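Inspection log for the structure reproduced underneath, given as structure tokens.
The chains carry the letters A, B, C and D, assigned in the order they are written, with residues numbered from 1 in each.
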Amino acid sequence: MSERGPSRPRPQLVRAEGEGLGIDRELLVRMHELMVKARVLEERLIQMYKAGHGYFWIGGPGEEAFNVPLGLLMKRGQGPAYDYLHGHYRQSATLLALGEEPVGALRQMKNTATDPYSAGRNFAGHFTKRAWNIAPITSPIEVQYAIAPGTAMAQKRFGGDGITIVTGGDAGTAEGDFASCLVWSSRPGQELPILIIVTNNHWGISTAAATQQGAKSLADRGKAFGMRTASVDGNDVVGSYLALKEAFGYVRSERKPFLMEAMVSRLYGHSSASGANPVPGEVDCIATFEEQLEKGGILNRAAMVQVRERWTKEIGEAARRVRDEPMPAPESIWNNIYKERS
Amino acid sequence: MSERGPSRPRPQLVRAEGEGLGIDRELLVRMHELMVKARVLEERLIQMYKAGHGYFWIGGPGEEAFNVPLGLLMKRGQGPAYDYLHGHYRQSATLLALGEEPVGALRQMKNTATDPYSAGRNFAGHFTKRAWNIAPITSPIEVQYAIAPGTAMAQKRFGGDGITIVTGGDAGTAEGDFASCLVWSSRPGQELPILIIVTNNHWGISTAAATQQGAKSLADRGKAFGMRTASVDGNDVVGSYLALKEAFGYVRSERKPFLMEAMVSRLYGHSSASGANPVPGEVDCIATFEEQLEKGGILNRAAMVQVRERWTKEIGEAARRVRDEPMPAPESIWNNIYKERS
Amino acid sequence: MANMAQAVRMALHYAEENLGVTDVFGEDVGPPLGGVFTATQGLKTAWNSPLDERGIIGVAMGLAMAGQRPVAEIQFCDYIYNTIDLLKIAGNTCWCTNGDWNLPMVVKTPVGSGIRGSIYHSHSFDATATHIPGWKIVMPSTPLDAYGLMLSACQDDNPVLFLEPKALLRIKGDEPIPGEPADERALSKMIDAPLGDRSAWKPDWPALEPYFVPIGKARLVREGTTLSVVSYGRMLPLCVRAAAALAETGIRAEVIDLRSLWPYDWEAIRDSVEKTGKVLFVNEDTEVTNFGEHLLRRTVEELFYRLLAPPRLLAGKFVPGIGLADPLEAASVPQLSDITEAIRSLAAEQA
Amino acid sequence: MANMAQAVRMALHYAEENLGVTDVFGEDVGPPLGGVFTATQGLKTAWNSPLDERGIIGVAMGLAMAGQRPVAEIQFCDYIYNTIDLLKIAGNTCWCTNGDWNLPMVVKTPVGSGIRGSIYHSHSFDATATHIPGWKIVMPSTPLDAYGLMLSACQDDNPVLFLEPKALLRIKGDEPIPGEPADERALSKMIDAPLGDRSAWKPDWPALEPYFVPIGKARLVREGTTLSVVSYGRMLPLCVRAAAALAETGIRAEVIDLRSLWPYDWEAIRDSVEKTGKVLFVNEDTEVTNFGEHLLRRTVEELFYRLLAPPRLLAGKFVPGIGLADPLEAASVPQLSDITEAIRSLAAEQA
């Protein structure tokens, strides 16, 4: 996976081996870098919103420890031989882990004509990238769960080891589409190679999951369908990586569904509509991970601070560039309603 | 419950006690009578369809052993103190068990102005009876599962022991509404007094359940929600009665949901669209029950034949009366679009 | 003066206390948030539902069947489109059962553009809704009408759809809600939830009075003789502004606020068009198979020989969404300048 | 001659073999039934889905994203109304992603009344569908057009909605499908599944030829000068019959079969109305916020000064359902006599 993303100066390693973390030191460093990069990007997006350089923010700070490994484990490319991602609006870390440039997110925030995902049409965090099988992220909750079995079906037919991944939040599992996904993924003899993920931050906007969800574990909902399931601490990057690796391996080789619930944080609350301020009491997966890295002798504080500073600078510069980019033209509303044959 | 329905000459009992059937002999006889009555009604409806006295037939022959006990166990009346039924289009036996006159079904079949359920507007089998909390049966599959928690919620609030019952077919559980029902019925601390039933005849029109349903048991889908569940042989009237009695008791007193799957037969296939002819190989719950009744010394053949003949005659006469009843007037399409305050 | 969100909230409070409303519910409708537009803060029957629009509409129907009077909210009408079958059933239940059942329920949902809501917080719902039989449909353009229409909706024995022009929810009215205190800061202190911890907060409701705007009755907002402008919701104040500005040029546009989309006040439209001979219908839904086209068709059908110029429709462009960037929204939805121009050109037209 | 169900089936077979169609699926679409109207019998890519319309539309979208070319069926359009949000997404995906993704998928669904289908097998879907941007929408009235439109639909790189007038599915055409055998009993033997056990049956497809009816192109079915009648689907043959009958009385009605509802052939309508000065739009959907009202609005907008009489719409009554009893259906949906009368009265009208 090291060919992904532009090559950059590597932070210095304190020791040759991470101790007790269970995975390769280089990967740990790489994941740390991506998590920080994603966090810095989201914080910049929030800043842009607060400075009036964007109208709405929603994103994924608090999900990096889960979403980075997810992106790293994906097989990137176009078509059924590669993995499809049907994500939701907290997916930035996955995109960055796949190698996406952060500037696109800034452009979408600023709704410029250069926004690579929607040309100024859609909200921040609504990625799409057909070249990498990234399905368009849409605002309506849970619809991706009704769509995802379609790409998985094509992959089952195609053979190979490409799989489909679908993600969404906990509250959204109350929509029937979540159940549709379970039904369509587990038809007898036609089981689909699909990794069904729920990132559980225990909230839907202002509504606590505990008041609405009778299911003790959302992963249990797969059991009636004979599906493999797991519930993981999505704030633990190592644990998430290992659990995802196992799930990816199972789905890739067995061509059968797997339902995974990941407990995550919502560090800045729901969205800019709820203020986009730090929420006290939520576990910060980067802080936790950095303690581990330091304790394990993988990276020292200075190196980690340096990573953050580097991304802050780089993404900050990108944001300044974006500031002067043009708005889309009024008549562009008529573009791309249909694809016409070339 | 003996006050329900007009009183009729009782068939003669061969012995004072049913042996080994586990429930009271009088109840057995009553259930037999109702099952036969429902079967005769459905067979008459099919005959009407075939004779051109109706355009479409759909109904419940093959579900009598389950639907009769269901109706007998319901608390009949209007408002939240009584039981609500959100049924589907195979519910005739339940209605008759509640005491409904069969002539209404004949009128709906013939779409006369006198049709008590829809004044000639709706298909056969689409009952409604507000006076008894019978919610309107609608053609779209599974929507009743999204609606039923609403009456149950009112009952939870009201107190008392009234409960809500919702029923539908196996194939329909693939719709998201089935899952919505499970979610809304099991909200922590707000569990609803609802008996959620699936009558599993292993088919959706021409599609075998085994090709579409990954769930080994549909009842298992309640488990993730911490719901009590059961799977019963809906062709066994005694077993169904006892299982339903227990489930009713639980829901009435605990004010919590119960999910029950009942295995039933589809004796005349899906509907008139598939011919409405007897399907070989399906278990006939009446035949089975009559063997039991004879063996158990509850009723002899002659008595059972007499029951069938009586209903055949009575319902046949009703059908002939209905034949000459007027069609609804064209301008009646404008009636009852709204309820206006009186 | 109260803004529209406060007016809705006060109406619901009045309806809880006096009209038998038992449930005000939907996603984030109950405490602590009280609705994404604050329209349900502090209501004693407000509660949060699972994130499931089908469940919300279904449960409202069930509650209505069991003698309750629910007001269900769909957080944005953009998210109502997976429930159209249920809305159709709610609308046809009385008819299908030949009057056996009726469903006294209100569905409220914010509609329209104007808050930079991008593709999924800008939808209009009037075209889709008016094609569903069996509902009554209302859409206020002022806080007072919001109050009066909500009271009528809650009192009705049939399903009523209450469309809230979201860009107007925070706009204050010109006329007081009967019973609201004269000082709007006093009102805010009484009924707006505080920032921060709200767990101990309770509203202090003013002594509200009944005020019913009958469903089906339009409001003549501005009299005129040159032409008629028929609109509703967020477009209405823009029409009024355009008409006011054009008055200086001698164009005297009559402006009608339809307020009820179904049933609608045909007499009000007819009388006006018979007087002016020219009519412009304005709404912001997309313009193909649009409710304004229905009004225009009826005008042609009944008033063709009274027309001095072709009746006109100004509506949203038929594009798949309303883009976030300002130039996109402005190009997609009628703006003040578009309305002004449409009035001016219709006024100038000579048959 | 083939009937429309056979024509659809042959088109899908042709599309499987030549246009890359990979999936024909939906409830009861695969063996043994091959669709409730037999339109998908014997197709090599046909398969049965779970009973879940949202899953059907969603999976079609997913398949299309992954390079497949699905044709999804909703068994009756009456059951499509819980998927409108997904249809909207299918229609806006290309636009929302500024062209990154496109969805080559066809959704076919039977529509309309005429088979005594009562409330839930009689719905029309043209009004609702034409309000959803980003789709192409077609609706044939003959087997040959069904064949040609289905081929165009399957070849398109965008979502196409194929509305099947269910009352016409069993009606034979006047023109042969290119490649069908001259003897229709021979055709039936080749491609209709036998009664009883079908497990060993395989169709013997005729050597079908390509025939594309371009999307967006109307058909002038009958020339005339007195007035124009614009219709589609099940109403079209009724309009033709009415026009033919009235020809004897000297009324020469021009009849246009729109065939494509979106995009539609405005030039065909315009040319005809410019010639006749009078137009009647006919469809069977309910008449409030109806697609015919859009056509009428555009006519008024662009051709007002060419009109010799008000343009008219004849459509279904705005009632919650189509009742089962014959008098109810006849009172709800335009009948031959209603069309005849509408043509006659419009012909007589003098501006």
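Convention: contacts are C-beta pairs under 8 Å (C-beta built on N, C-alpha and C of every residue); 3 or more make two chains touch, one makes a residue touch a chain.
Because the structure is a prediction, the values reported are computed rather than measured.
Trainee: More contacting C-beta pairs: A-D or B-D?
Mentor: A-D
Trainee: Going by the average position of its CA atoms, which chain sits the greatest distance from chain D?
Mentor: The chain farthest from chain D, judged by C-alpha centres, is A.
Trainee: Roughly how many whole angstrom separate the Cα centroids of chain C and chain D?
Mentor: 34
Trainee: Indicate the whole-number Å distance between the mean C-alpha point of chain A and the mean C-alpha point of chain D.
Mentor: Taking the mean C-alpha position of each chain, the two centres sit 42 Å apart.
Trainee: Please tell me the distance, in whole Å, between the geometric centres of chain A and chain B computed from their C-alpha atoms.
Mentor: From the centre of chain A to the centre of chain B is 48 Å.
Trainee: Residues of chain D touching 2+ other chains?
Mentor: Only 50, 52, 54-55, 79, 82, 85-86, 94-96, 119, 133-134, 319-321 qualify.
Trainee: Can you list the chain A residues in contact with two or more other chains?
Mentor: 118-119, 121-122, 138, 140, 174-177, 180, 183, 187, 211-213, 337, in rising order.
Trainee: Please output the residues of chain D touching chain B within their complex, sorted ascending.
Mentor: The contact residues of chain D facing chain B are 27-28, 32-33, 36, 48-55, 78-79, 82, 116, 118-121, 317, 319-321, 323-328, 330-332.
Trainee: Once bound in the complex, which stretches of chain C touch chain B?
Mentor: 50, 52, 54-55, 57-68, 70, 85-86, 89, 93-102, 133-134, 136, 157-158
Trainee: Applying the document's contact rule, which stretches of chain A touch chain D when the two form their complex?
Mentor: Listed in rising order, the residues of chain A that touch chain D are 79-80, 84, 86, 115, 117-119, 121-122, 126, 128-130, 135-136, 138, 140, 143, 145-155, 157, 164, 176-177, 180, 183-184, 187, 335-341.
Trainee: Name, in rising order, each residue of chain C that touches chain D in their complex.
Mentor: On the chain C side, the touching residues are 54, 79, 81-86, 88, 91-92, 94-96, 119, 127-128, 130-131, 133-134, 262, 286-294, 296-297, 300-301, 304-305, 309-313, 318-321, 351.
Trainee: Contact residues on chain B for chain A in the complex?
Mentor: 174-180, 182-183, 185-189, 191, 210-217, 220-221, 223-227
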